[in-house]
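So that you can tell them apart, the chains are marked A, B, C, D, E and F in the order they are listed, and the count of residues begins at 1 in each.
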Amino acid sequence: MFHEIDKIETLMEAIPYIKKFQGKTVVIKYGGHAMVNDELKHDVARDVAFLQFAGLRPVVVHGGGPEITGMLKKVNKKSEFVSGMRVTDAETVDIAEMVLAGSINTDIVGLINAHGASAIGLNGKDGNLVIADKMLADVNENGEVKKVDIGYVGEVKKINAGLLNSLLDNGYIPVIAPTGSDGKGGTYNINADIVAGEIAAALKAEKLVMLTDVKGIYGDHKDKSTFVSTLNSEQAKKLMDNGGIDGGMIPKVNACMTALDAGAGKTHIIDGRVKHSILTEIFTDSGTGTEVVK
Amino acid sequence: MFHEIDKIETLMEAIPYIKKFQGKTVVIKYGGHAMVNDELKHDVARDVAFLQFAGLRPVVVHGGGPEITGMLKKVNKKSEFVSGMRVTDAETVDIAEMVLAGSINTDIVGLINAHGASAIGLNGKDGNLVIADKMLADVNENGEVKKVDIGYVGEVKKINAGLLNSLLDNGYIPVIAPTGSDGKGGTYNINADIVAGEIAAALKAEKLVMLTDVKGIYGDHKDKSTFVSTLNSEQAKKLMDNGGIDGGMIPKVNACMTALDAGAGKTHIIDGRVKHSILTEIFTDSGTGTEVVK
Amino acid sequence: MFHEIDKIETLMEAIPYIKKFQGKTVVIKYGGHAMVNDELKHDVARDVAFLQFAGLRPVVVHGGGPEITGMLKKVNKKSEFVSGMRVTDAETVDIAEMVLAGSINTDIVGLINAHGASAIGLNGKDGNLVIADKMLADVNENGEVKKVDIGYVGEVKKINAGLLNSLLDNGYIPVIAPTGSDGKGGTYNINADIVAGEIAAALKAEKLVMLTDVKGIYGDHKDKSTFVSTLNSEQAKKLMDNGGIDGGMIPKVNACMTALDAGAGKTHIIDGRVKHSILTEIFTDSGTGTEVVK
Amino acid sequence: MFHEIDKIETLMEAIPYIKKFQGKTVVIKYGGHAMVNDELKHDVARDVAFLQFAGLRPVVVHGGGPEITGMLKKVNKKSEFVSGMRVTDAETVDIAEMVLAGSINTDIVGLINAHGASAIGLNGKDGNLVIADKMLADVNENGEVKKVDIGYVGEVKKINAGLLNSLLDNGYIPVIAPTGSDGKGGTYNINADIVAGEIAAALKAEKLVMLTDVKGIYGDHKDKSTFVSTLNSEQAKKLMDNGGIDGGMIPKVNACMTALDAGAGKTHIIDGRVKHSILTEIFTDSGTGTEVVK
Amino acid sequence: MFHEIDKIETLMEAIPYIKKFQGKTVVIKYGGHAMVNDELKHDVARDVAFLQFAGLRPVVVHGGGPEITGMLKKVNKKSEFVSGMRVTDAETVDIAEMVLAGSINTDIVGLINAHGASAIGLNGKDGNLVIADKMLADVNENGEVKKVDIGYVGEVKKINAGLLNSLLDNGYIPVIAPTGSDGKGGTYNINADIVAGEIAAALKAEKLVMLTDVKGIYGDHKDKSTFVSTLNSEQAKKLMDNGGIDGGMIPKVNACMTALDAGAGKTHIIDGRVKHSILTEIFTDSGTGTEVVK
Amino acid sequence: MFHEIDKIETLMEAIPYIKKFQGKTVVIKYGGHAMVNDELKHDVARDVAFLQFAGLRPVVVHGGGPEITGMLKKVNKKSEFVSGMRVTDAETVDIAEMVLAGSINTDIVGLINAHGASAIGLNGKDGNLVIADKMLADVNENGEVKKVDIGYVGEVKKINAGLLNSLLDNGYIPVIAPTGSDGKGGTYNINADIVAGEIAAALKAEKLVMLTDVKGIYGDHKDKSTFVSTLNSEQAKKLMDNGGIDGGMIPKVNACMTALDAGAGKTHIIDGRVKHSILTEIFTDSGTGTEVVK
């Protein structure tokens, strides 16, 4: 490698971008296709390792819905959903925690470290990283919104930012499974987008980058010409009200706004199916997906 | 509590023991009955939390054989053993890692933290804590010992003691699942006793305490009067040669010797079925189980 | 010791209390019967040493009126008092300093260290710990209050909190004799309760615990049923006005209010005649004496 | 930049090289054509800046013979040489110092900083960086070697490595003009190759890279096929004895050996006329010029 | 030395002054006769070294107008002035930088270090110490003030106080040549008084001491009886308006006001022709020249 | 002060001496006439304060025999001596400790601090500074040397150098009363010369300076012409054997040798009756008294 001058030239071009972000914290919500496709998995791991070598402070938060469903199937446990959220009994939360913390998380950590960086896997219980409370589901019943108990599903109460900063200061990349501790030894399953937003908020991250399986946000999904490059909070709320933003995109946009409200710099919803989309987002002026700003 | 003078007196009696061990590292191999029985689990968690409050630096290494076997059964995967070691194909090592890191480990961390301490779960991949190589099994075939490949079973090549010390310095209790990283993203399953010994060695721990389901070591199992309180390396080797120490006790004694050779202080094989056996061992002159010394 | 499970259980019960106060500063005003009775002296020394082992930051301020009177008698010097304060000429202040710093203070330091802790004796001159000004006595003459010069009796002008924190950070227990420096090499004798209050104030201590020879504060001394468990500043002032609090209790309550005004947590007036009253106060929910709060 | 995937790929390829050298000190002897040609000057400045951004610790030592000669000419001062060394009277050493420290050095510092890095110019007097003694010239007179005084020409007596490490630790790139202090306010002019070697020695640098105007070392200059890729000390001495290495190459090879003897890692004599030769040398396996090893 | 008691007494008298200024930053504008006369040069160097030994944090900013003019003459370059400022073309700014940074600066550093202290020479480019913008000259043309481009003459935009504090913390004395960086590798020549004022401002120096060739400020130059010991900002502005302060004294007084506005303690305009005027100013109650205060 | 140039010159002359000793530890044994005479007391305090301002690390060890005898007389207690050592019963050791720690020590601390420095008084119990064992007296009975118990007289077993270095690092001057702790709360009285020697040894002090009431050591007391400027260990032993050194000078010379054996730099026995003898010794080439070297 690097035998030819033009490759060196490419390195040189990166200087201003590297300089701009050295020492800055970047939270990456990792999920979707990029976590399933084998080649993309390696690429994301290399991207994250590169961020560390270039002097940034990357933090990864991953999801795992499909893998949890897969394991439940294997042990003959059916998945039930209310308002798009998994009903989570004691057995289910145990399996969810096991898959998230013991399979997906260890996998990502192994891949990042295989590229020479030094990642450490965490979940909500580690050092009380994520203290959570039970969250009730909103169920629309005859036009009335009712609160329904769907089991061990949690919402974030407190993040131990000190633990993350101490690991980052010592040169480790935290890789976080989206669970929460009830403070008494029990576990809550939490939406990974929400966890990523709360962590970016607690760290006052320079950037929150959310990998999705779409190009970004559209004013109208069916009309590609309505693609939105930049969106502020007000516009985002309007789009959520009128249904332009819906389904799984809602927690993502909410996570961005949580981070921004707490003082994070910029947030980005990008297409994880595109090779090196993380580096392209950070090391490019134009960027790729939709930027959500305050 | 503490309303009566004699309870305060008990606290006062603890002063010399606390003073003696403040700032010292104690590695606890946690396994067997104490990891299955619900009440004992809580007691061990409290014991470990107490060690931290009293100013010691506890490190926990846990096993998980029965739980792995249980999960394999659940997903209809048979367990096969060669020379007492589990034949570990790719699917098996994935399930082993998942159970160890995602279920047993998170459980222990949650329980310790429920007592107010601050534990962090780790496995061999985290920060390259345990770098491992493939280990072949010794199979005795017609009097000849042959090396047999039994899959993803590893032996410890290198421990990242820096990571553990940095966590301990920051007031966290490392809780370690016995897996190893192959440095390329892959996992090895490793005997937990061996991992505990190597970690005590790498940390030059003051003490290595191994919880078992027996009272300690006997010259002859069948004769309770042959109980051994203190054993030095030479005596231990002799007992292994003549079969006085056999089966699962062999890796435990070997772990003790690994730790001692590297400069650890003292090692103890104690009865995990007895309530508070960890604290009794550390905060008592007489001790309880068998002490293995250099 | 500790051979029996129930003793270990007692240790375990202490966890939440130890956890609550680890790293917190506790100022103890030591005086009265507990400083005279040989057995109580040893008990207080052990209590203070235990606080250090349990991770608290104890600071001791002691008095010494009776011992000063004793030494003055030995050298045939009479003690004279005005409004309850000792008239302190040059010879008297020299003897007071000598007894406080050279006899009582060294004694306490020796006893604490004999229990394995590491105390350091200080007086107001050491590192300019207590800078003082001359204090005049209020004398009621025919209903008019007149200021009278009673010699080398001082009031606190400035505390060198930096010195105390630096010693505490390095694991030493400051034991302080209640004298003050005039900044020119000279000494003032100061009321020990006042010094304790000012030191608790300067350190913004978590607790100020004052040992007395009574159970606490009563609405009416003669009626045991009027015992007051908790007292706020307003109530305290009212009790001082109507004589419910009088004599030597006045500077104690004033010291509590000085500490509270500066941001100290809680203050306690407890019975030093009761064995282990310090530990009982700190490691018990109910407490024992009178708590003075803001 | 970076809009296309293949550019990102180039960045990714650099990871193992960056990782290998992060935190390592690299001393660059900068001189010759690369210091005269305007485009090469900018390239070298960018290369050095890139080394800092990539986490290395670069140190630059520059020469300046031609520029000194130029300035002497401007002020009508003739240059005289003995055994290839400039006869340096008081006026000459003043002009040399002025040109080296006030013109060449400030230029290089300005260019490096224009690329976003943070360089600091130093000369031998700054913080007593280079303490020097007078050096006599060896003059061959009728087969006898005589020592001749040629004025203010020095040899290195002591390097203040502490100053350099302190600047590097704080994120500054030291750029060093090759002068020495006589400890009394006076200046010596010193061969820049020698200074570079001594500084690499004092810092136990990972690498010493010397820019020259040739491809490297040849067994025989006239025969391009005799190019030497790797040379050990013994071979180097032999080549110097038999004239294979001669002229200005001698101090360069000597500097390499000084560095190696003191524990530096590797030394390289490379072609400064080639664009990005510094980065190519460091970030390539094959390397380019001649490597001198122990 | 010191053999006689009265010399020791003199040392003792210095205690309160040394104590008062230990750890305080003093910026010295060095210029005029004291920079030309050989004996005064040594004295100033010793004074500065003494400040360091006595525990102060001295920073030196020097000028160099006459030396620049001298060198320009040597290379047959004429000096042209507009409104008292040198018209500075590319060749002139190169020569100015060379003389300031390569000759005057190295000289001062060498002399200070010859007295055992540890000075480091800096100019505006080093670590981006002084970032500057082009400054236009005000030219009075027929009563109208016009802005005229006089080349590479700059005004201070930003000072890197962090670099200076880091050097001072490590025991080095910064000696600063008055140039500025344009951020792109180019140089501006800047009035040394202005640089000294900006540096005292950026450091919030305890004192700014400006060496001049007069006794201080007079209400009327021609009347020695109008000497002003203390001058506040308002009075200074009035004197500048009515011509009492004019010529080269204007930037000096402006520099004082810049420093004071930013929070510097006191500023002094003193007579550099008097031996040890720096120490006399700092270590004397009465002082010597004119003190400019807020 | 300092108004005249020649006083500034005196300061300047001190530079090389100050530079030589900055950061170095100097232990001063303070006793004899210099501790009794009021003017000398102030001078010593100023000398010690000056050492601190000049950047040295002074440590003071004082004696107090006459003051102890005085207080014993006041309380009608007779002093008894065996082989020149005070027979020290329980009451005597209490009074000795009280006078040393509570009167002499506080006095010295107050005086030093009155000159703006920051001293802290210590005795052997503080932070277990001096751990001691009982010392028996050698009594010559009919030519036979017998060991006799003379009570609470101790010899040094261990010095807590860490405490002293921590105080010195924080800018405090330790002032030490010569007592020892028996580790159980009890006190030993120890010869102050011996304590000074052991402390200089434990700190590997640059200098140990012992104030006496004579000019130094003579080969023959009666013959002033036999004054010894420098003495090595061998010569010292010879002089002790033949009686040239006797009485109170023996422990002083022994203390010097203790210090030297442990790696202290130089030791000096000087005349404390001469004003500023400490500064003269340290800041003079010639020195004054007798220098004892290895």
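Quick note on the criterion: a contact is a pair of C-beta atoms (placed from the backbone, for glycine too) under 8 Å apart; a residue touches a chain by one contact, two chains touch by 3 or more.
Bear in mind that the values here come from a model prediction, so they are computed numbers and not experimental data.
> Counting one step for each move to a touching chain, how far apart are chain B and chain D?
The least step count works out to 2.
> Where in B-C, A-D or A-B does the D-E interface recur, with over half of the contact pairs identical by residue number?
Having compared contact pairs by residue number, the answer is A-B.
> By mean C-alpha coordinates, which chain is most distant from chain D?
C
> With centres defined as the mean of C-alpha atoms, identify the chain lying farthest from chain B.
Chain centre farthest from chain B's centre: E.
> From the C-alpha centre of chain E to that of chain F, how far is it in Å?
48
> Taking the mean of the C-alpha atoms as each chain's centre, how many Å separate chain A from chain E?
So the centre of chain A lies 55 Å away from the centre of chain E.
> Distance between chain B and chain E based on Cα centroids, please, to the nearest Å.
Comparing mean C-alpha positions, chain E is 68 Å from chain B.
> Would you give the residues of chain C that are in contact with at least 2 other chains, written as numbers and ranges?
none
> Which word fits the touch map of the chains here: line, ring, star, complete or other?
Shape of the chain contacts: a ring, since each chain touches exactly two and the loop closes.
> From chain B, heading first to chain C, what order do the chains fall in as you go round?
B, C, F, E, D, A
> Residues of chain C touching chain B in their complex?
Listed in rising order, the residues are 1-3, 5, 7-19, 22, 46-47, 49-50, 53-55, 115-116, 275-276, 279-280, 283-284, 286.
> For chain A, which residues count as touching chain B in their complex?
Those in contact with chain B are residues 45, 74-75, 94, 97-103, 105-107, 109-111, 113-114, 118-123, 125-128, 163, 166, 170, 172, 179, 181, 183-187.
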